[in-house]
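Got a structure for you, questions after.
Chains here go by letter, A, B, C and D, matching the order in which they are written, and residues are numbered from 1 within each.
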């Protein structure tokens, strides 16, 4: 499902019709699409981070129940909605409401992921051989998107336009959390050794 | 396939072009999309419930035959059609025929799921270690959508507009059936113990 | 891939804009979409039959090589093209060239499937425990689409409009072949017994 | 993900509206779509080659880490972008900038695949039972797309139009590399024998 939503992001970028046929007209037409290209990259990175985390967490589980299925569907719904809010923001990249709408979508996705992980990453769903440090890393990691979406939402209200810069840092933030998890895992291994 | 149909629901929501560029114009433009947002949520919940049930039932089977394959394809066809009937209803949210068309699509999907489960959930397809109570729960559960779609269809005929309210209760109804299944399973376990 | 192409068939059916808002105008608007609905069902059945056969054959294989990968990609290409040729035919349901184009697409898909199965259903790719009768059934079955597409192509040339009737019989023809395979399998089992 | 991007290539080909309804008008309308058909085939072959290689390499791995996940997401992003750049080139098949844009997309995808394979095809990710010759074949193979995209980019600059001919040779080039790998594997086997 993440794979489908992430691939559908592209279909909202339409082939431009330049005013002339020379190279300069084409460069200008493509330059006008810059917000769409940036929006595509940004949404791809955010959905990609959600996807990677989702894949890792479900690899840590040994069984589900209806509560997890419905929490998961709620998360998927917010991700499936991304192609719309991404297109909305890309079409109007410097306006307040579209940017706040986009940040709100991300915030909801982030909260639903956090809620899903909090429910799933414990008995009786969690596999017993998963190190505690990995579980804690995933739980902390699921706070990254809600936090960054909140900052982005506030920035969109104050100064629309550069409000998505914090979201661009998503891979770095996630890597920072992942490294945090690694370090703890090594510490745990050292303690066990 | 459910994952694809459920994700395609979003592509019928188009970016609005507000009359002005101030916040009020944007809020109004987004407010006009409310039926599309509600239609997206409703169809997502219905297809999600079908998907979850489908996934569970196919996990209970040990083999297929052509009869199951074709019954399954018929169900998938009715689900793949949902993005159209969902867009039809969302574009004309208070008109009788679009709403009846939508309910009819759901009714057909519900009947095809019921028919598929009735065929599949027995020997020689059913795995022998599946508790009878689970099988009965899934069979009863597959009655939920046809029943609710019938109510919705009749309501659309009498008073178009609020006719989809029963469908909104889908997760509750399914949960109610699931709990029913749980209780029976406990009863069976107690009898066996 | 089949799942994606089969689901994309729906996105070429667009929400109609009826001339009035009463029930009669709506019924007429939906009636005008009849060729699109029939085209959707027809293409779904054909792609569904290809999908089911593909799934069964790949379950009979134990390994691949580049020749199979490329033959498979060629088949997938002809299937991925179906949403276009299906929309072309549905938009112009009584015209000769769109119908011949559609039949040609099916013919190419049928030949590519036949070629893939002929290459794959033998040593060293075929699992050794697959009964010969099943292999022969799948090989004969892969002749059904090229044959029916040829008939449909010729009919489209002579009398466009009803030229797709033979394709509608796809499930029956496939079932007929499947039963043929069953009967032979029983004969083989009897011989072995 | 490759399956989705490769199937979405078709949705940028729109049903033509011929000037008349006779066969000649239809043949002309379809002839006008030739660049779209060729672009579809070309992009399908390129994405198909990337897909096949990706599938093979991930079958050679025993585990991942965040570095591989993010390198993989970067590759997927460049592939998910293909439906846009493919439509851009197909709509303007003889103009310099769209063709260079398309070649640039392929070049980036090729470089990202090369980078992913270089990182993944070694300890501790590589399964230990994978023959060295296969690893070397995949590494050499991942040079094919960057090289061909560079040639295509230069040709698009000098003489737009026939600049995609080298890309058409993709399956042959990949087969050439695959055969190279086979030969080496046989040589290795002979040495081991």
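To be clear about the criterion, a contact is a pair of C-beta atoms (placed from the backbone, for glycine too) under 8 Å apart; a residue touches a chain by one contact, two chains touch by 3 or more.
Since we're looking at a predicted model, the values are computed, not measured.
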Fitting on CA atoms only, what is the rotation between the copies chain A and chain B? Please report it in degrees, nearest 5.
90
Farthest chain from chain D, going by the mean of C-alpha atoms per chain?
B
Averaging only over C-alpha atoms, locate the centres of chain A and chain D and give their separation in whole Å.
27
Rounded to the nearest whole Å, what is the centre-to-centre distance of chain A and chain C, using the mean of the C-alpha atoms as each centre?
38
Would you pick out the residues of chain A that each touch at least 2 other chains?
4, 8, 11
Once you draw an edge for every pair of touching chains, what topology comes out, line, ring, star, complete or other?
ring
Every touching chain pair, please?
A-B, A-D, B-C, C-D
In the complex, the residues of chain B that touch chain A are 3-4, 6-11, 13, 15-16, 21, 23, 26-27, 30, 40-41, 44-45, 48, 51-52, 171, 174-175, 178
Chain A residues within the chain B interface of the complex:
1, 4-5, 8, 11-12, 66, 69-70, 73, 76-77, 80-81, 83-84, 87-88, 91, 95-98, 101
